[in-house]
Each structure stands twice: as structure tokens, then as C-alpha cells.
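Worksheet: one structure, shown below.
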Amino acid sequence: MRIQVINPNTCIEMTHSIGESAKKVAAPTTEIIAVSPDHGVPSIEGHYDEAISALGTLQLIKEGRENQVDGHIIACFGDPALHAAREIADAPVIGIAEAAFHVATLVATKFSIVTTLSRTRIIAEHLLHEYGFVHKCSNIHCIDLPVLELESNTEETYQKLLEHCLKAKQQDNIGAIVLGCGGMAKLAERVAQEIDIPVIDGVTAAVKLLEGLHGLGLKTSKWGDYNYPIRK
Amino acid sequence: MRIQVINPNTCIEMTHSIGESAKKVAAPTTEIIAVSPDHGVPSIEGHYDEAISALGTLQLIKEGRENQVDGHIIACFGDPALHAAREIADAPVIGIAEAAFHVATLVATKFSIVTTLSRTRIIAEHLLHEYGFVHKCSNIHCIDLPVLELESNTEETYQKLLEHCLKAKQQDNIGAIVLGCGGMAKLAERVAQEIDIPVIDGVTAAVKLLEGLHGLGLKTSKWGDYNYPIRK
Amino acid sequence: MRIQVINPNTCIEMTHSIGESAKKVAAPTTEIIAVSPDHGVPSIEGHYDEAISALGTLQLIKEGRENQVDGHIIACFGDPALHAAREIADAPVIGIAEAAFHVATLVATKFSIVTTLSRTRIIAEHLLHEYGFVHKCSNIHCIDLPVLELESNTEETYQKLLEHCLKAKQQDNIGAIVLGCGGMAKLAERVAQEIDIPVIDGVTAAVKLLEGLHGLGLKTSKWGDYNYPIRK
Amino acid sequence: MRIQVINPNTCIEMTHSIGESAKKVAAPTTEIIAVSPDHGVPSIEGHYDEAISALGTLQLIKEGRENQVDGHIIACFGDPALHAAREIADAPVIGIAEAAFHVATLVATKFSIVTTLSRTRIIAEHLLHEYGFVHKCSNIHCIDLPVLELESNTEETYQKLLEHCLKAKQQDNIGAIVLGCGGMAKLAERVAQEIDIPVIDGVTAAVKLLEGLHGLGLKTSKWGDYNYPIRK
Amino acid sequence: MRIQVINPNTCIEMTHSIGESAKKVAAPTTEIIAVSPDHGVPSIEGHYDEAISALGTLQLIKEGRENQVDGHIIACFGDPALHAAREIADAPVIGIAEAAFHVATLVATKFSIVTTLSRTRIIAEHLLHEYGFVHKCSNIHCIDLPVLELESNTEETYQKLLEHCLKAKQQDNIGAIVLGCGGMAKLAERVAQEIDIPVIDGVTAAVKLLEGLHGLGLKTSKWGDYNYPIRK
Amino acid sequence: MRIQVINPNTCIEMTHSIGESAKKVAAPTTEIIAVSPDHGVPSIEGHYDEAISALGTLQLIKEGRENQVDGHIIACFGDPALHAAREIADAPVIGIAEAAFHVATLVATKFSIVTTLSRTRIIAEHLLHEYGFVHKCSNIHCIDLPVLELESNTEETYQKLLEHCLKAKQQDNIGAIVLGCGGMAKLAERVAQEIDIPVIDGVTAAVKLLEGLHGLGLKTSKWGDYNYPIRK
């Protein structure tokens, strides 16, 4: 099985680290192909960045199709262009936010999200609302460090992240924590060990969900709104 | 006051007809500037078309800013790139779906939507859910004619539209009908006269809402998630 | 165009100040007729006051009809008798709470309300729930000053209001503030300038929404539950 | 114990029949005092009638207080002036719509409503939404006979009612039926026997709920928004 | 009338105290039969305890049927086995959580819950969600004392309970408090007198609701999902 | 990896067929251990059957723990005893209803359920509501054949199932179908091939989700309400 992991921003270091995270959990028979667009935004920190990144993401989905990959991951916590990607792909496509939400509810009744910036909090709220997980999410914490700090200043980020995860654990009546950024994937394991509750990272979660769909022989439905775009 | 009306698809006829509809209701002191992107999709009939159209739409928003327009309308019923557009604009930006929903609830307790294709029904459902109008919308009817038929085959479209509007009026326990496509704007008045209940078209609704915001001195909030995109 | 602005309480000073606020934003061609009932309650500070004020409000709506005004505003934040008023009016009727909510969501993803008394908080909650804006409202702040203080002690009210608006801006993850009382209309502009985010007052918002509906040729639907009351 | 049963309309026959229904289920030690306003509307068939009836209803609540009754019932399915009545009463006040909804959910997972006019359907929808019973109500059926037909033409009404109750039983996946009009109280038992599922009438339900509250020593809370109206 | 009050845990002291609470409010003609299972768990403090207690509860329901009691109360705040019990009983069955929620909304617009353990908070949340009372409940407070402390250490429990009830009254914008444990029934009156707002205990509430259903001649619906279990 | 698949009813044929379905999709390195309780109900067709089956299910979970399995599946569409099982298990536990819902939303925006009996429809509705998938499920179809017919009369069941799946595909605006019974697992593939849209069976879905959680090193959270039951 071959999984295309798309980092929708142009930060190569993040693409690399997301790819490494994906590889860590992938089955021996699963090949991880981590990619990012040539053009776009170096980090996704708002609605505009998301909309712009959609184009590169969809271009990469098309390349993935040509390469006949068996599944696609959109590795940005806003799940940008997810519905659009499913229209042009026949293989399954999973966003890391939805992946993390689904998996979290399998091991805990409620979870909190720890994410990067306050201004992207609304994006997480919109997704929780659209996907139906509003009542499963107790709180959203923002460490208020730019996304790219996750690459350049890992240790400070880790300490901030840890601090907010501990607060969430103590105050939010939750059983698990969801990390709200693809760039946090590499820190998930370390945080989990330190705070001793399940910490869900969407990148790794998405890999295993895709392997699962592949094992079930399930592909994106081509009946209804996920059918291929209408040719004009 | 100058309002930029963006048709997110590349169909010039539709841009023209949307512009004409906007002009009909605009105040004498309001100038309507109807535009559409050079590149993109000729009609928006799904998630993919929407994502692609976002780029052209945002480019036009930027041009509008340079021209210092006083408000922007995104004239596609999926409100594509609405949040992103608000980030880069300081003038207000309104989507025609939200405009129609808001206006409909001011004259009726419930409304139904009559739109083009069954496959875009889910887009309307997502918007109703996100905006909070789920309980205000009684039903969604699809005439199942392609968007571009609205330009090339107006009479057949009108008859189909009329038939579905009548059914909605008789069966849905509603007080108003929302037309679910920018291309239907020119038919709104004729339908309304024939079926004798309020028929809301989002293009004209958005013009008047923008004029209202302008009169109130209100602009898109630059506090929070609609602030200008973070520079990297 | 002639708009009847109804202050549902009997406080003449408030009627005057609401009328002045309305005039400030009205188009040159719009005449504002500010009225209040002869009998009723001097301020509306609970469910009972609301129910009592309905009678005077509906009587004024009838007078407005006889005078053939082109729109009615119910200028109390509980939108008392709104549905009833729409039954007897053919011109559009708008409540200032709904007006403020609609307008706020056009310039920000979330808003907070700053209102007068804790005991009327539930009235705002009921309206948010009925209109569908629950997920758009982040918080409700109460300055806990009686409604009539807004007339007699404007400066202290202003300082209290300012303090709560600042708190809302800093803590609530919002982009706009809604003022929760007709008597606050005159303070909206001053507060907005000081705290530098959109501050929405329902009175002025309703004026512009009514002008918009008028421009669209839209009236209260007479199909369904807003039809004229059944004669017995 | 003394219970004041308020028929908010001026139809004496209905007041009488509602009183008789209440007496049928009242405990031997409970006195039923059925009253209706001198002025108001002969039947309540819309938002306007409801608003108008509130004044008479609240006047009667005040008289009930002077007579030191131990509980009040508002016997119109729209629960008009319920919150207002609770402000001025210290004894408990119950509306027949809420009474019926509460009781129905104690004997069935879901219920349907059979009511009079299509145009009042929205009133039931608003109450279900406000009270939290939206997911408990499967459907709302309207027999489309005027309220006063319930007094003047009982047999035809009964047949129409029966027909709709049977349809609801067969099609709605429900366990109980709620009758949506005070005037239907007298028909509840006959319908229930014929269709053999629980048929809930709000008048009788409210009597027993009030007796229950009385037995618990519970009165309307005077802490918060149900406290007595603020004196000016 | 004979009411079977089932304490789903095996703690005899609690069965006794629940029975005494029930008797205090029961009508003179109502006999209270307080029972608890021979086997099971001494206290119910989580999902597992609840599932285990279901078996004993259902066995007691069957015994109640053989004894032809006229109603059953499941006196644990999680309402364990409620739906199942209704299938095998023809007499009505009421859980104390639902009883308390229903009654609280008849005397106040919003309530808070004060319960025992933080870990059972989710059980209350699930019930509020299922029953439709999410928007009626302002907050859930946990005194974090084990259920059995309610029997062995009443005074400390009372002080803790009082402290949390006072906090709820002051901070939660509520009109009533719901006690979240059958073992708290005996403390309800004392707390209510001290904090002077309605304090609802589900045991006594359920007794009066059952007496009410009995007076209405209403039994658990045998049409639909509450019909007797299908024999195989 | 070893997965314990629990058929909560005592029908050995169904245990066998469920086990076979599980094996078909399990990874080569995954061992499937299909078990059912010695005592309980031969099929689960209502709330009571569910409650009774919980005991056997929890007993089997305990046995699974002693055998140190790496995951548990509760293979009945009502997910009986799911929360309780998670308290006593440290390995993950997944119900087949939740498994099917999660997987369906990864390949389609909306799905319909095709299940056995009308009377269990409410169980599916409760789960959709609790899990947050209400807006993702378009409709629930019941073939109204007893659960055990799935074993004894496979061909008739298949034809009925097919008929309802086709209807759902044509009428419900969906992209996928969820089969609402463990006994339908063996028919999923055949139905899917014939109707050519994704058909999700919860048994196979749960196997792959468990393998995924195992690969992620995720276990049921022991922080909060899923912690081991409190010892008394």
C-alpha cells in the first residue's frame, strides 16, 4: 500500500517531520510518500492561508492519482480542501483533524484540543461543528506560538505544549488530548509519556485509518457529491 | 459607494446577468462593478469547483481592495472563500447564500431553498449548519439542471424553477423561498410575481446588506480571525 | 421611505434617544418616526414587562399601518411581540436583537453581548437559541445597571459598558460586540471608537436592514403563519 | 389544594369543557377554578392572538394570587405568557404544551403532536425547540379545523382527530400522541381507547404535575429571572 | 396506589433512607415499597457499576410486576436500565435523574446539578443530552465524595453539598438546583431551607410524577420500542 | 495482535459468521477470537435484550483481559455495555455501530442505515445522537425481519436487504450505506457489489479500527470516567 501524505504548506522541514511521523506507525508493507506544494504558503495560520493552500493540495492529489497511490492524507489541522480532494480522488482521503477526532472518541468520552494560534481556534470549532464532535470536545487551548516555531524552536514549543496539555488534563474533565497541528506530530509521543493520558496526533491517526480503509476495500464514494467533478 | 460583485466562475454571461440584477436594486449612489476571474471553472457544481474558484475570487478581492471598493459580494451560492476573503478585505464581504438566509428570516419564520443540482445540496446543508439556519430551512429542492442552463436555456429553467417553487409553497410549511444559485437572480422577480410569496435572491439581498453595513460604518472586524493574514 | 421606530416602554427620553440614533444612520430619503406607548412599563427588565409591553407595541404597529409606514422597528432587545407584529403588518417588522445578531455575523465569526441586567440574560439566550445564533455568541456580559440608568446616568453607564466591552474583547475570542439594550444605541459609536472593534447596536442595524428590505421590495410574507390574524 | 385553570381565550364553552376535563383527574382534595378573561380573543390561532391573550392571562394570574390559589395552569397549547406569569406568581405555573411534552416522554421514547391549524404548527415547533423536546417529537399533524369547531362541531372534529391520530400511530415510529389544543382535552380519553396508545392531553397532565409540585412543596423559583418584576 | 422504589445498589442503609424520603412526600393512599437487589454493587460510581446494577434492577422490576405495583422508580441518578425496565413493565417507570430534570424546568428556566464524583459527571451529561435538557443545565458541580459517604458521614457530606450549592446559586445564573444522587434525597430539604432556592431531589420528584401518571391512567406505551420483549 | 470479537447474544451460528467476517479483513498477523456468552438472549431486539446481554458481554471482556487480548469488539449494533467495557479493559474496545459510523463518514458526506426491526430504530437514533452523527445520517430503513432470520433464511434476508439498500441509494441523498446488525456482516460484500456504493459493516470496520489503534499504541484512557471501576 502507498500513502501520499500531503503537507499543504511549503515548509520542507515540516513535510519531512510529518513524513517521519507517518513512517513510524505505518505497516511494514505501507510506503509513505510525503509531499508538499512548490508554491503556496510557508505555514497555514488562518482562513486565507487555507484557501490558498487548497490549490497546491489538489494539484498534489492529482499527482497522487497518476501515481496510483492507495490513499491520501491532508496533513493540516484545518483539513483544507478535504471535500474537493475526495471528488477528484477515488482512493480514500483523510484530513488529520477528522482523523484525530475519530480516534480520540474511541479511547475517551471527551477530549481537549491543544493547538497553535488563537486565531485558528475558530477553524477547529467549525470542524468540530461540521463533523459532529462539538459535545465530545471539552476545550481548545492555544499555545500561541507560530506554526513554524514548531520546526525552528522545538524545545520551547515542547515546554509550552506540555504546560497546556497538563492544564487540559487537570481542568477539562477529559480522557484524551488532540494535538491541533501537523507540526506537533513529532512531539506527540514525548508529551503522551510525560502526562500519561492518550495524546492523539492526526498524522499518525490518519495513516492507520487509511490502512484500515484499504484493508476493508473501501474507497471514496462515487455516488453523490463525491463523484468526479462534472466536466463542462 | 462602490460594490464589487464577484462571479466566482468564468461564465461572462452569468457575470453580466448577476451584475444587471445587482444594479436593479442598488441605490442611485451605488456603483456596481461586476467581475469574474480570467481563469477558473465555467460553473461551480461541487466541492472541487468551489475550491478552485477560491483562488480567482481572492485575486479579485485583492483587485477590489486596490480599487478601494466599499464592499464585496461573492455571488455563488456556496459562499466560496468567504472567510478567506474577509481576512484580506477591510471592506465588508458578503456571500449570496448567507445574504439570502438572513433576509429570508426577516420576512418569514421558515423558508425552503430551490437550487440547481442534487449534488450541491450538501453544500447548502453545510452552510445552513455553519450559519445556524438549520431549523429555519424546511426543505431543499433541486431542479437538476446544470448551472449553465440558466444562461443558455432560460425558459425551460424558469418552468422547472416555477414548478419546484410551487411545490415548496404548497408542501413545506414555509413563508418564503430562497433561490440557490447566482444565475437565478434574474428569474427571482418573475417567479415571485407568479407564486405570490417572497422569493429571495442572494445577489440582490447582498447588495442591500452591503449598503446597510456601509451606512452603519461597519467593516470586517480586524480583531481576531478576520485580521489580515500573518506575514511570514 | 418612512420607518416607525417603536420604543416598547413608556420612557420618553429613551424614545427620543432611540429616534436620534435611528436618524443618524437613516438615508436622506428615510423619515424616522419614533414612538412609544401611552400606557405600559417605563422599562423592560423581565418576562413580565415584555408581555405587558406587547400590547402597546401592537397598538403602535396598527397605527403605523394606518399611517402606511414602510417598515417597523421594535426597539427593545427582547424583540417583544415580534411574531405577532408581523401578522398584523404587511410592511416588514424587525426586532433590534435579531438585527444586531444578523449584522454582527456579517463582520465577525463570533460576537459577545453586553447587556444591562443579569435577570434578562435568559431572554437573550432564548433569542439566540430560537434564531439559530447560539454557536455565534461567545458570551453574555451584564453591567447590572437598571435600564433607566442609561438615560439618567449616562456617564457611569458608559464607563461600566466600556469596562465590560474591553473584557469581552480580551477574553471571548470574538470579532464584534453586540449591545443588548435599545438605550445603549447612543453610546455605541463612542464605545466602538475607544475599543476599536465593531460594536453593533440593534437600532441602527434595524434601520439599515429595513431600508434594504424596502429596496428589495420585500414585505412580511402573508403565506403561512405571518398571514393576517384569522377573523372570528 | 386549589388550582386555577386559565383558558386564555374568551370562549366560555371551552373554559367550561377544560374545567370539566381538569376536574375529572383532580384529586378529591383539589379544587379546580376554571376561568377565562372578560376581554381578549375568542380563540387563539396565531402569534397575534397569543400576544393579545397574554394580558388577560396575566390579569387572571394576579386574581389567582389574591385568591391564594396553589397553582396556575395556562390552558392554551402555545403556553402564552408562561414566563411572565411565573414572574408574578409564587405558586407554580404550568403551560399545557410543556405539561404534555413532559408527561409523554415518561411513557414513550417519541411522540407526535396532533393539533388544529397548520398556521400554528410553528408555535409548537418553537416550544419543542425552546423546551428541548425536538428530538422526542417525530411529527406534527394538523387537522385544519378552526379551534372553535372543537366546541360547535365535536363529532366531525373527533373523526378528523381520530384519523390523524391513527396515521401518526402507523407512520411516525412513536409510542404516544400529544393533543395540541386545550379544546381537545375532552376527546382525549375517547381517542385513546379507540387507537390504543397513550394519548396525552396537556390540561389533565398539568393538573397532576401541579398536584405533584404542591406535594413536593415546590414553588416557582424567586431566585433569578422568575423573581417578582422589578418595581420602577 | 403502590410504588416500588428500587435502589439499584446493595447498600441497605441507602435503600432505607431513599424509602423514607419517598414516604415523606407520598400521598396517604400511596404505599412505598423500597427494595434493593441481593447481588450487585454497593454503590454506583461509573459506567460499569451501572451496567452491573441493571440486572438486579430488572429482576426487581419483574418482582414488582408480579406484585402488581402501580409504578416503579429507579433511584440512581444515572437512570440505569430505564428503557429496558419500561419494556418489561406495563406500569410506568421513572428514573430519578429524568424526574429531577423535568420538575426543575417547571419552576426555573435553568438549573445546575450538584453530584458526587467527577467521574460520573459524564453520565449526567449523557442523560441531559439524550433527554433534551442540555440548554437548561447551566453547570455540573461535583463534591467528590464517594456515594457511600452519604450514609456513613452525613454531616461532612452536608457541608460539602451546601458549599457547592451556594456556589452554584451565586455563579451559575440559575433558578434551581438538582441533587445528583439518590443518597442525597434526605439532605434536600435542609439544603433548600438554608440556601433558599428550589432544590430538587429526584426520588421525591419521581414519587409525585408517578402518582400523577397513575391519576391520569397513563401506563408505559406498549406500542413501539417499549412493547414487551420479543419472545424467541 | 489478538482481537476478541464478542457476539453479545447466544446464537452460535451468528458468533461463527461474525468471526468469519472479521477474519476476512484481519491482517495476517491478527488473530480473531470470536466468542459469545453461555447465558443471555439468543438475539438482541430491544432495550431489555441489550441490558441483559451486557452482563455476558462484560464477563467476556474480563476473560479477554485474562487472555491479554489486544482489543475487544462488541458486535451488536446497539453497542451494548460499551462504556462499561472500556472501564474494565485497558485494551481498546469498539462497538460495531460506532465503527460503522466513523468509517462511513470517511468515504461519504452522508449515509443511511439499513437495519432489522422497526422497534430497534430508536436504539440507532440514540447512538447517532450520543456520538454526534445525527446530521450525517440521512435515514434509517428497517427490513422488519427478526435478527435470527439472518442465520436461518439468508436468501430472503438478502433480497429484502438489497431492496432497502437500493431504495436508500436512490432516495436519500447519500454516499454510503451502514448495515445495522452484526448478522448482516456476511452479506455486506455481496450487497456492495450489486448496488455499487460503499456498504459499511461494523464488524469488519471495527477490526481495522482496532488494528489501527494497536499500531498507534493507543489504549482506552485510564484518566477520567474510563478508569478502572472504583473498588468498594
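Order of writing sets the labels: A, B, C, D, E and F. Residues in every chain begin at 1.
Basically, a residue touches a chain if its C-beta (ideal position, glycine included) is under 8 Å from a C-beta of that chain, and two chains touch if they have at least 3 such contacts.
Fair warning: this is a prediction, and the values are worked out from it, not measured in the lab.
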| item | value |
| --- | --- |
| Selected from A-F, D-F or A-C, interface repeating D-E by over half of its contact pairs | A-F |
| A-F or B-D, whichever has more C-beta pairs in contact | A-F |
| Rounded Å distance between subunit A and subunit B, as computed from the means of their C-alpha atoms | 31 |
| Euclidean distance of C-alpha centroids - subunit C vs subunit F, Å | 52 |
| Length of the line joining the C-alpha centres of subunit B and subunit C, rounded to whole Å | 27 |
| Where subunit E touches two or more other chains at once, by residue number | 83, 86, 109-110, 118, 121-122, 129, 135, 173, 224-226 |
| Complex contacts: residues of subunit A adjacent to subunit E | 109-110, 135, 173 |
| Subunit B residues within the subunit A interface of the complex | 41-43, 45-52, 54-55, 58, 81, 83-84, 86-88, 118-123, 126, 129-130, 146, 148, 224-227, 229-230, 232 |
| Touch list for subunit C against partner subunit E, complex | 118, 121-122, 125, 129 |
| Touch list for subunit F against partner subunit A, complex | 25, 27, 83, 92, 94, 98, 102-103, 105-110, 131-136, 169, 173-176, 196-198, 200, 204-205, 208-209, 211-213, 215-216, 218-226 |
